[in-house]
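Every chain is named by a letter (A, B, C and D) in the order it is written, and numbering of its residues begins at 1.
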Amino acid sequence: MIKIVAEKVRDEAKNVRTIFFRWDQEVRAGQFIMVWLPGLGEIPMSLSYIGTPKAITVKAYGSVSQALVDMQPGQEFYIRGPYGNGFQIDPGRKLLIGGGSGMASLLPIADSETDAIISAKTKDELIFTDRFPENRIFIATDDGSAGFHGFPHELLDKLDVSVYRKIYVCGPEPMLYRVMQKLSDLNASAEFSLERTMKCGIGICDSCSVGGLQVCKQGPVFTIEQLRGNPEFGISRTTYSGKRVFLNMK
Amino acid sequence: MADLSTSVAGIRLENPLMLASGILDENGYTMLDVIANGAAAVVTKSIGLEERNGYSAPIIVEYGDSLINAVGLSNPGIDNFADEIRIAKKAGRPVIGSIFASDAESFTKLGMKMQEYGCDAVELNLSCPHVKGFGLEVGSDPDLVEEIVTELKSKIKVPVFAKLSPNVSDMIEIAKAAEKADAYVLINTVKAMKIDIRARSPILTNVYGGLSGPAIKPVGIRYVYEVKKETGKEIIGVGGITTYEDAIEYIMAGASAVQIGTALYTKGKSIFRDVASKMNTFMDDEGFSRIQDMVGVAIR
Amino acid sequence: MADLSTSVAGIRLENPLMLASGILDENGYTMLDVIANGAAAVVTKSIGLEERNGYSAPIIVEYGDSLINAVGLSNPGIDNFADEIRIAKKAGRPVIGSIFASDAESFTKLGMKMQEYGCDAVELNLSCPHVKGFGLEVGSDPDLVEEIVTELKSKIKVPVFAKLSPNVSDMIEIAKAAEKADAYVLINTVKAMKIDIRARSPILTNVYGGLSGPAIKPVGIRYVYEVKKETGKEIIGVGGITTYEDAIEYIMAGASAVQIGTALYTKGKSIFRDVASKMNTFMDDEGFSRIQDMVGVAIR
Amino acid sequence: MIKIVAEKVRDEAKNVRTIFFRWDQEVRAGQFIMVWLPGLGEIPMSLSYIGTPKAITVKAYGSVSQALVDMQPGQEFYIRGPYGNGFQIDPGRKLLIGGGSGMASLLPIADSETDAIISAKTKDELIFTDRFPENRIFIATDDGSAGFHGFPHELLDKLDVSVYRKIYVCGPEPMLYRVMQKLSDLNASAEFSLERTMKCGIGICDSCSVGGLQVCKQGPVFTIEQLRGNPEFGISRTTYSGKRVFLNMK
C-alpha cells in the first residue's frame, strides 16, 4: 500500500468532497485506485485530477466514503493502483455525460473542446459545474431543481451529438444503459466508465464482472460496441456475496 | 503436434489446464469467457449452503506476483447458484462444482445439488485456511474427512475431487482418509499475512489470509510429488502455475491435470491459450506425444 | 537518531539484525566478516554430535530471489567446532550456537559444549525439514520437544532459543511444549522441491528441500504474529527478510529481533549495514525512538 | 538449470577433455559455472572458452568429472551461472601461470601480448601448450619430464617479471601460495583464481570461504593484496563437512 497524506480538501456539494494529494505516479484519465482506511475498509475511487496534485472526489454513501468525506488536510490514507484501462482519448470535440459522482472520472478529460452534461438527482448534488464555461455545460436534474428536468438520455434528444468526435459517459448503470441505447440509435462513438461492486480491483475475484468482462481490469472503460449486446450490462449484476440480482430496466 | 488432451477421473479434457476455484468463477458469464480463452474446464468458486458476504475489503494483498487473500468464502448460497452453472455449461466443457461445509451431511446436500445442476464433478474444499469452522478446520481432521468423502461418494454419481491443505503436518494421512475420492486437488493456499508498516496494521480485514501464486509453487510441487509417490492416485496440481514450464513441472511431479488461479492476475485470461500452445511446442521438442507420457516421469 | 539497540532473552544487541543459522556460519573467519559487515550477532550452522558430510551437490536451487536447499546438516561435529567459535568470538559480539540432535540427552551434551566454547546462547534446531530422524521429526512431537527444552534448561546457564518449523498443523502446540525456552525463533524453511523439466528429474540430490527467502516471508510474519499474540513470549523473526521494510514488518508482528539468511545471496553481506541504516531513517520519520516501541504494534 | 548439448569435444591430455557448447550468455574470463549431471552430482567448472562456442576443460578426479571427460558430442548436461567476479584485465603485457586444470580459467585471457607458464606434475598432464606460440611459453613439470624441472614459483626466478603489467595465476592452492609469496617479494601486480570446495556457488553455504571471503562470490579471483595476510589462504580450509584441515605449507 502507498501512504498518502491529504494536502487540501474542497467541498463540491453536500456530502461530496475532493481530496487533493501528491502521488508521483503516471495515471491515465479514467483509471481508478483502491483506497484503504485501516480499520474501516477499502473502496474503489476514480481519480478526478491526474496531474500534480492528484485528487479523488468522494460522495458519502457508507462508512468508508463517509470517512473520506470527513477527511481533513494532513490526515492519511492508503492506496493501491492505478488500476484499469482508462479512456481512449481522441482529438476533437468531446461530450462528457456525468451522473452524480460519475463526473469524477470524466473531469480529467475536459479541455477547451469539451462540452459536458452534468446530471444529478437534485440541484444540491450537482458537482463540477464551476469547472466548465457556461456555454459548454448542460445541466439535468431528476427533479428539475436546476437545468433540464429529466434524465441525461432525454436531454440528449435536444442536442446535436453528431458534432462530437466522441462521447464519454460515467454514472450509475441505469443511466449508462439508457444513454447507451440512445447513442446506439444515433450511431455515435462513445466510451462508458462502469461502476460495479469491487473487492480485489485486479481481475481475480469476479465481483465486478459484466458479461465476462472484469470492470476492474478490462474496464472500467468500455466502448459502446463492447456493451451493446452484453448479456449483463443494464440487466443483472452480482452482489457482494455473488448473488445475481436483476436491474429490471427493460 | 503433440496431443494435449487428457482426462482426470474419467472426465475428458481438451488440454490439462483448468481454472482454479475462487478466481473468476462466481459469475456464469465469466466462466464462459474463461473457457472461451482456452481453459479446458472450470471449477466454480466454493459454494456453501447459505449466502455469505465473506469479509469486507481489503480481501487481497498483492505480494509481487503472488497474492494473499481472505475473501472469506463469500458465495450466494447453493440455491442461488443454479443459474451460474447453467450459463457456464453453455460452453460445452466440464464445469466442476466446488463446495464447502462443516459436516458430511451438508457436503452431501451441496454435492447432490451440484450434480443436479449439471456439474461434471464435485470438488471438496477441505482446505480454506482463513475461515473458522470450515475448510482447514475440517480438512485437518482425518476422521471427518473420511466420513465426508465416504458419505458423499455413496450419494452421487459424478466424480469427487478432494482438495487438500498444505497447512498440516502430514498431508499423506489426510490423503489416505480421503482415498475414496476419485482424485486429489493439491494444493490450496498457505496461511500467511501482511502488515503495512506505515499503517502499523495487518492489511487484510481478517488479518490472516492464504498465500497463492509463484511463492507457493515449490510447496505445491513437493506435495504433488510426495502424494503421487505414496498413493499413486490421480492428482490435479495447483499452486503458482504461471508458465508452461510450471504446468509441466506439476505434471512431471505426478499431476494428470492442473489448475491456474493467481496467474490470471499477472497474465490475464489469455494465459490458458498461451500456456497450452507453449506446452505443445515443448512436447514436440522433447519427444512427448501425450500428456500421459509426462505424468510423474520425475518421480524417483 | 533512533536507538537501534535491543535485547533478546537478556542478550544485548547493537541492532536487531542477526545472521540466520546455516548461512555463512560454518567457518569462524566468515562469521567474523559477517559481524564486520554489521550483524549484531551470528548464529552458527547447526552442529551435531558427529561429523556429517550432508548431501552431495546439488544442495541448492535458485528460485527467483528465493532458495530451496537440502544441505543435509553437514557439520564437522561438535568436537571440531570449538575453534570456529573461538575465532568468531574475537569480534566481541554475541555468538549463538545452533545445535541439532534426535533426543534430549544429545541436545544437552551439545548445548553444554556450546556454552563451554563461549556461546552467548544456544539455539535448538527443532525444524530442519529435510533430514530424517532430526529437525522436523523431532520438532513436530510436542512431548519430545518439551523433554528436550526442560532437560537442557536444567543443565545450562546461557539462554536457550527454540527454533520451530512451519511444517506443522499447529505451531502453537509446539510452542507451548517449548515454553521453558527463553525465546522462539520463527521460522525455519518450508518443505518444498524443484523439478527440472528438461532433465525430467528433481534437482536436489535429496529430492526434498526447504524453501527460504521472500517466498516464505508472508508465512513467517503470520507465525510470528500468531505466536506472539498467543504466548506473549520473546520471538526472533526469520524468513525472507531482504529489506528494512521486511525487518520492521517482523518487528511489528511481534519479533524482538530478526535473523537474515537467504538475502545474503541476493544482497551480499552488506545487507546488515544497509538494512540497519534504513531502519534508522524509518524510525526517525515515523517517530519511533526505540526498537521496543515497534515490537508487536500491529497486533490486533 | 540451463540445458546444454555438447557440440564438440577435444582431448587435451590424458583424462582431460574440452567440451564445446553453445550458450548465449555474456561471460567474463575467470567466471565459472556449476555443472550438473542428473543422478551423479554437481561440480564447479571454469569456462575455458567464453566466446562462441564456449567450453569447459575438465580433468577427471572423481565420478562427476570423470563422466564429463567421457562425454560425447550430442550428450546433455545442465548448468547454472555464470558465477564469480572474473579477472580484471588490464591492457599491456601479461603473464599467465597455470597449474594442471587451472589453465582452463586462464585461457580466455590469452592475447598476442600474453606469455604463459604452464605447469603440471608430468609431461602427459600439460594442457593448452599448443594454444601459445613457442616463444611465449614456459613449461615446468614437477618431475622434469618436460621443460623446467620444478615448480612454477621456482621458474619465476629465471624470468624478468617486471616486464609484465599484470600476472594471472590459477592452480592448486599450494602452488598459488608459493607464487604469491614470490610475486609479493617482487612487488608484482597479480590476480589469483582460487579453487575450494564448493557446494552452493552463490555465497551462502560457507564451504568455499577463505579468511571470510567467499571464493564463489567475492572470488574466485582475488588480488595479491587480498590474499597477502589472509588468515586461511595457504594455511587451512574446511572440508565438505565443514571440518577445518591445515595445509601445512609453512
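Note that in this section a residue touches a chain if its C-beta (ideal position, glycine included) is under 8 Å from a C-beta of that chain, and two chains touch if they have at least 3 such contacts.
Values in this document were obtained by computation on a predicted structure and should not be read as measured data.
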Partner chains shared by chain A and chain D (touch criterion as defined above): none
Longest centre-to-centre distance from chain C, chain (CA-based): A
Centroid spacing, where centroids are CA-atom means, of chain A and chain C in whole angstrom: 51
Distance from the mean Cα position of chain D to that of chain C, given in whole angstrom: 36
Chain B and chain C, separation of their C-alpha mean positions in angstrom: 33
In chain C, residues with contacts to at least two other chains: 198, 201
Overall pattern in which the protein chains touch one another (line/ring/star/complete/other): line
All pairs of touching chains, each written as two labels joined by a dash: A-B, B-C, C-D
Chain C to chain D touching residues, read off their complex: 23-27, 29-30, 32-33, 36, 45, 51-54, 56-60, 62, 67, 69, 71, 74-77, 80, 83-84, 196, 198-199, 201, 203, 205, 261-262, 264-265, 268
Interfacial residue positions of chain C with respect to chain B in the complex: 63-64, 66, 68, 140, 167-170, 190-195, 197-198, 200-202, 207-208, 211, 214-216, 218-219, 221-222, 225-226, 245, 248-249, 252-253, 282, 286, 297-298, 300
Interfacial residue positions of chain A with respect to chain B in the complex: 1, 3, 34, 36, 38-39, 41-43, 78, 80, 198-207, 209-214, 217, 231-232, 238-244
